[in-house]
Structure formats: C-alpha cells, structure tokens
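Each chain carries a letter (A, B, C and D) given by its place in the written order, and its residues are counted from 1.
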C-alpha cells in the first residue's frame, strides 16, 4: 500500500536532510577533533555515514522507499518500479532536503547556514572515481532490492563506508549530495565549479548499472 | 504475551544500567588510553555505545521492549502502543538503572560511585543538536518498529554511532542518560546545570517526531 | 537433528581455537603496528574480536551451537537446554581448542607456541569488571537465544566489542579464554596467578544471569 | 532458477573487480592519509574490505552466487553444489576481474594501471597464516551457506575484517586476489615471487575445510 505522494516526498526530504547532516556534521566534528590526522578524520566520517545510512534507510524505507538520491529514483523509474509521475516530486524533495541538512549541520556546529566550498575536486581521476562509485552503488542496490529487499539498508551503508576509502573522490555518488556539499566550506565540501563534472560522471555510472541489470535480470515483472 | 510489570521494569532498569555502563565506562577507558587524541577517544566511545545498544536491545527486547529511554516510553504511550499505567514504572526503572550503571562503571574503573560533572555543554547550538538528535532517534525507531521490528536494534545502534559524530552535543538524546551522566565527572559527563536544557530539547524533538509519524502513518491500529 | 557428540565437540574445539587465534593474533598485530598508541591497539583488537565472533558463530552455530565458552555450556545445561552428559566433552574441547588457538596465533607471528604471561590483572575492580562482563554476556545470549536465535551471532559480537571498552578488564568473560591467554606473553595475556580470580568472578556472573532469566522467563519448556 | 553462464560469469568478473578495487584502492588511500601510522592504515583497509564484501555479496549473490574466489568455486564443485562444467568460466572471470579491479583502483588514484609489487611476504609463518586464513574462510562459508544462506555476506565480511588482523599475512585467502595484488606496487601488494607459496597454502587450507565439512555434514543432499 503506497502512501500519498506528499507523505512520501516529505520523508524523502527529511531522510536526505539527515543524510547530509550526517555527512557534513560528522565531517566537521572529525576535522575539529582529528586535526592533522586525515586518516582518522576520514575513518570517523566514513563509519558515521555508513551507520547513518543504515539507520535512515531502516527508519524511512517503509514510508518513501528511502532513495535519498535522484539517481536511485531515476533508475527505479527506468526499471518501471516507480511511476514517472512521482519522479519530479522526489527530486525536488531530495534537493531541498539536502540543502536543509547542510544548514542543520552548520547550525549545530555554530557556523553560517551556507558557505561556498573552496575544496577543489577536479580532474579525470576524480571523475572516473565518481563513475565507479555510482556504478557500484546502483549495482548493489539493484542486485539487492529484488532478491533481498530487507538487506538493502545494510548493503548501502556497508558500500558507502567502503567507497569513502576505495575511490579517490570519497564517493559522493549522489547529485543531491553533491549540490548541497558545494554549499559547505568544510571537510566534506566540493567547489561549486567541480560539481557539474561529478554529477555527469554519476549519471553515467547510474545508467550503466541500470542497463547492465536489464541484461542480467531480463524484462521480468517485479514482485516486491 | 506480556510479562508482569515487575519483570519488565527490572529489565528496563538492568538494560539502562548496562547502557550507562557502556557509555560512561567506554568513555573512561577511551580517555585514559587515547589521551590527547580526542577523535580516537570519541571513535572508540561511539563504536562501543552503538555495539552495546545492538547487544542490549537484542538481549532484552523480548523481556521489556528495550526502551531504555523515557522518551521512547512516552512516545509509545502517546501512540497507544503502550499502556499509560505502565509508564511511571518504566520511567522510575530507567532513571534508577541509569544511575546504577554510572556507579557500576565508576566502580569498575576504581572511581568514586558518583561525582558531579564539570563538563560544560550549553548554548543554542547544543540545544539544537539535542533536538535534532532526539528527533532523528525517534524517527528511526518509530519508522522501523512497525515495518521491520527485528531491525530496530541495528537501526538504533547505527543511529547512535552516527549521532555521536554528526551532532555538536554527541547525541545524549535520552533524559535518563542525561541525568545520570551529570553524576559522572568523566569524558562523557555533563554539568548538572546544563542537564535541564538538554532534556527540554530532547522532549521537543521526541514530540515532533511522534506527531510527524501520526501524519505519516495515520491512526491505523498497530499489529506487532 | 543433533550431530554426534564427536562432531559437535570437534566444532567446539575448532571454533574456540579460532576465537583465541583472533583474540591473541589481532592483539599481537595491533601492538606491533600501533606501538605507543594503546587506544588504537585496543580498537583494532576489539573490532577484530567482535567481527571474528560474528563469523565463527554464524559458521559453526549449525554444527555445535557455537558456545566456545564453558560458562555458556554450563548455563544451557542448568536451563535444561543441553544434556549434562555432553557437558564434559564440550568443556574439554573448549579448553583444548583455546590452547591450540593460542599456539596457532603464536606460530603465525613467529613466536614460541606458549609463553607465561607477565600481564598483571588483579584487584577488586578487575574482578568486579569480569563479574559484570560475564553477567552481561549471558544476559544477552539467554535473552536473544529464545526470542531471536538468528541474531545471537550479532548480539555476541557486538556485546564483546563494547565490553572490551566498557570494562576495566577488557572483558575476558570466558574461563577457557582466560586459561589460554595465561599462556600468551603478549598484548592480550594475563598472569597465570591472576586467572583463578577472573574465573571465579566469571562463574558468579554467569550464575547470576542464569537465575535472573529463570525468574524472567519462568519454567517454560523451550522450543528451539 | 539459474541465470545463463555468461550472465553469471560476468557478475563474478565484476564482483571480483570491485573486490580488488576495494582492497587495493582503500590500501592506497589509507597509506596516503595515514603515513607513518600503519595500525590506522590497516584498520581503514580492513573495515573497508569487510564492508565492501558485505555490499558486494548482498548485491551480486542473487546473480552469480558471489564467490569472487576460485577456491570457493572449487570447494562448491567438490561438494557437488556447483557443476564442474561451469568452473573454468568462473575461474577465468574471477582472475580477469581481479586484474581489472587493480587497474581500476590504480586509475582512480592516478597511478599506472599495473606495477610489479616489491612487497616481500615470504617464509613459513606467512604460509601458515594463509593456510589458517583460507581454512577459516571456507569453514565459515560452508558452515553458514547451508544453515543460514542469508547470513553469508555478513559472515564473510566479518571474517575478513578479523583475518586482516589475526593472521601475520593479513589474509589474502584467495588465489585471484593474490595474483592481482602481485600487479600492484602499493600498500596491499605482494611480490610476484611470493605469490605461488601463498596460493599453495590457500589451496591446502580450502581442501582441509572442505573435507572437514564432508565429515561434519555427511553426504546429505543439499537443498538450497
């Protein structure tokens, strides 16, 4: 039984807001406490983000499906597992929520609500990292969602914890997250000028994984 | 089948005692071993607390429901998922247990059973952090409890691990925990004068999440 | 369907051997790599032990029940969930396996197979820590085993990860582990003279938890 | 219902590629960020690898079975749980995928696609470590796969996290991984000359575990 679009969209907004609060907030805390030890800061940031994702997907999955990511929404629409009519509301909610989450994190740590990031993340290796990161994320979600829907929260949390470390870009893998992190001049920020390249690479990765699964899983109708 | 209130309350007391022993004890150990590296100390404290919550909720969930938090009890009563008649016994058990747990942690580490904390935690940003932390905790619990009751232990443990890092207050999110940590002049303590502000913010956060779910889930009767 | 006692005992021996290899081996690795940072060494040791327990209980649970601890075997016998006739074979297997695991860890790291530990762990606070650690371990196992048998592996792994940090003794909580760690003059060792006090405290903790659950759960027959 | 061999093999290749990208990529990141703190580097590498395995097995298990390891494939064939006819395709896919994953990791971090490792890992203690590591890995997989197939991902991820720490060799436990890591002159590399010894020890460990389970579980036909 599907809840109304207003309820589902508000859950997407709230969940994406919490996701950004976790990413940006734990990054601020980590940088403050681990000054001079970047490995320790990234470890705290990665474990907090992975754990946060597990909690948020478990908590909000039954309300909205817990996408928190425009490319997950897009991929499910391409797979006909979600109505195209609901896609714009999900996207708006995710982007709005992402910025709200950044503002909440900044407020918790006594910073201005928004600030343009100075953190340069550019070049081919960074773009390739985002392609791989997003391809892997969608591969894990699509592979898990049909066969083991109850395990998706753990798969996503574990994947992102790993991806913070195994990609050179620390795995943004999410356009809403990328846009909002451009508004945070902190540990997890990204220079606004570098955001479009990240988002393009993410889109390619998500599409590649979606079409790969089309081949793997065929055109079977889904039962959830 | 519900156990007698005496049995359930004793499990709430024991579980909350262990929760405080984990929070305060691991904080003492972490501060002793990681002197001068606050990020490492908080990481150990956060992972120990998250893991401890998973174990305690899995262990005692079948006895008392494993609330260990007066605001969880309040929220479930407001949702009519718990009898108001049992609320006072749960609250007394949780608060009594919390102080017993602090005393146990102090005894294990050779300290006086109680000591007033000197750890200042005040100001708007701290209060806002506690509002967010508790709102998120209840959001995760209420969202998970109906749809995926078996996953609640993992959702709560993961959430608190993240919340130690993404909130500026390190996410007390629990009035019984807050009161008892005021009696511990160690890493995880809070100055008694700062406790009321924390508890007020926590109450607001819990109520906000409870009413949000009333909108999301409607007035459906619950089947557990 | 129960396997023969020979098969089950050999699984107990092998599982306890791997448990000790994990505890002692990861302690050696941690001390070597984190020289001078005891918090980092204990964090690695705690996470490796918790993760190892999850894997071993999931792997061998279907063969022997995966006790790996004489007090778990004792408690289940007292609860009539295990035949007293099988208890001696389990105890012998656990103790034999524990020493074999220490020898294997030492061999992997190029050390003599056994060496008497010089690591002093004595005094009231240490004994109280072992009482609490073992009480909590049995509380978690007994609470989880009936209501949520599939979650026991995660509950135990999470509990021990937390207990390494929240007890002053780093939670041995297991007489077979205690005896064998007396034969390892490494990070996780215990002076042979201190072992009896630890074991006595562990026994008291296990009995207290067993009788508490008798009250909580009554004399119901168990269906596994 | 089994997918075609082409689909399953491609999933094995992709999964093994991601596994190597996780192992090697997180090793590069860890060494760069934690220069001079080998314990911190290994902790990040171990947690990323364990988390990555959980995600990959959950994501691709329903497509190919998620072996990602020639010895898992061999063991299942010996147990008649996999057709011998499919084994060569799985092996080729795993080895091809492993090298592709190393190249991907190197590309993400701006390094040459392949480079012969200079990291010496030889001697009896290293070989014994690989025997133990692989024996344990197969023991966990075989014990879990029949009784609790849904838990295999968590068992394997937890086991490898522990094994990075409790073995002196940091638990390669996989011939495809060993070969490909010989082509990476980074934190997780192995000198090509040392690879054959590792692989021989791994094979012995896997065979020992396979025959042990033959005794434990008898010749029962398997129902998956």
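The definition used in the following text is that a contact is a pair of C-beta atoms (placed from the backbone, for glycine too) under 8 Å apart; a residue touches a chain by one contact, two chains touch by 3 or more.
Treat the numbers as computed from the prediction; the structure is a model and nothing was measured.
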item	value
Required minimum of steps from chain B to chain D, each step between chains that touch	2
Relative orientation of copies chain B and chain C, as a Cα rotation angle in degrees, nearest 5	90
Same or different residue numbers at the chain C/chain D copy interface, by half rule	different
Centroid spacing, where centroids are CA-atom means, of chain A and chain D in whole angstrom	28
Where chain A and chain C are represented by their mean Cα positions, the distance between them in whole Å	39
Where chain A touches two or more other chains at once, by residue number	37, 40, 43, 47, 154, 157
Chain-to-chain touches, reported pairwise for every pair that qualifies	A-B, A-D, B-C, C-D
Residues of chain D that touch chain A when the two form their complex	3, 7, 10-11, 14, 18, 21-26, 29-30, 33-34, 37, 40-41, 43-45, 47-49, 51-52, 54-56, 58-63, 104-105, 107-110, 150, 153-154, 157
Interface residues, chain C side, partner chain B - complex	37-40, 42-43, 46-47, 50, 123, 125, 128-129, 132, 136, 139-144, 146-148, 151, 154-159, 161-162, 164-169, 215-216
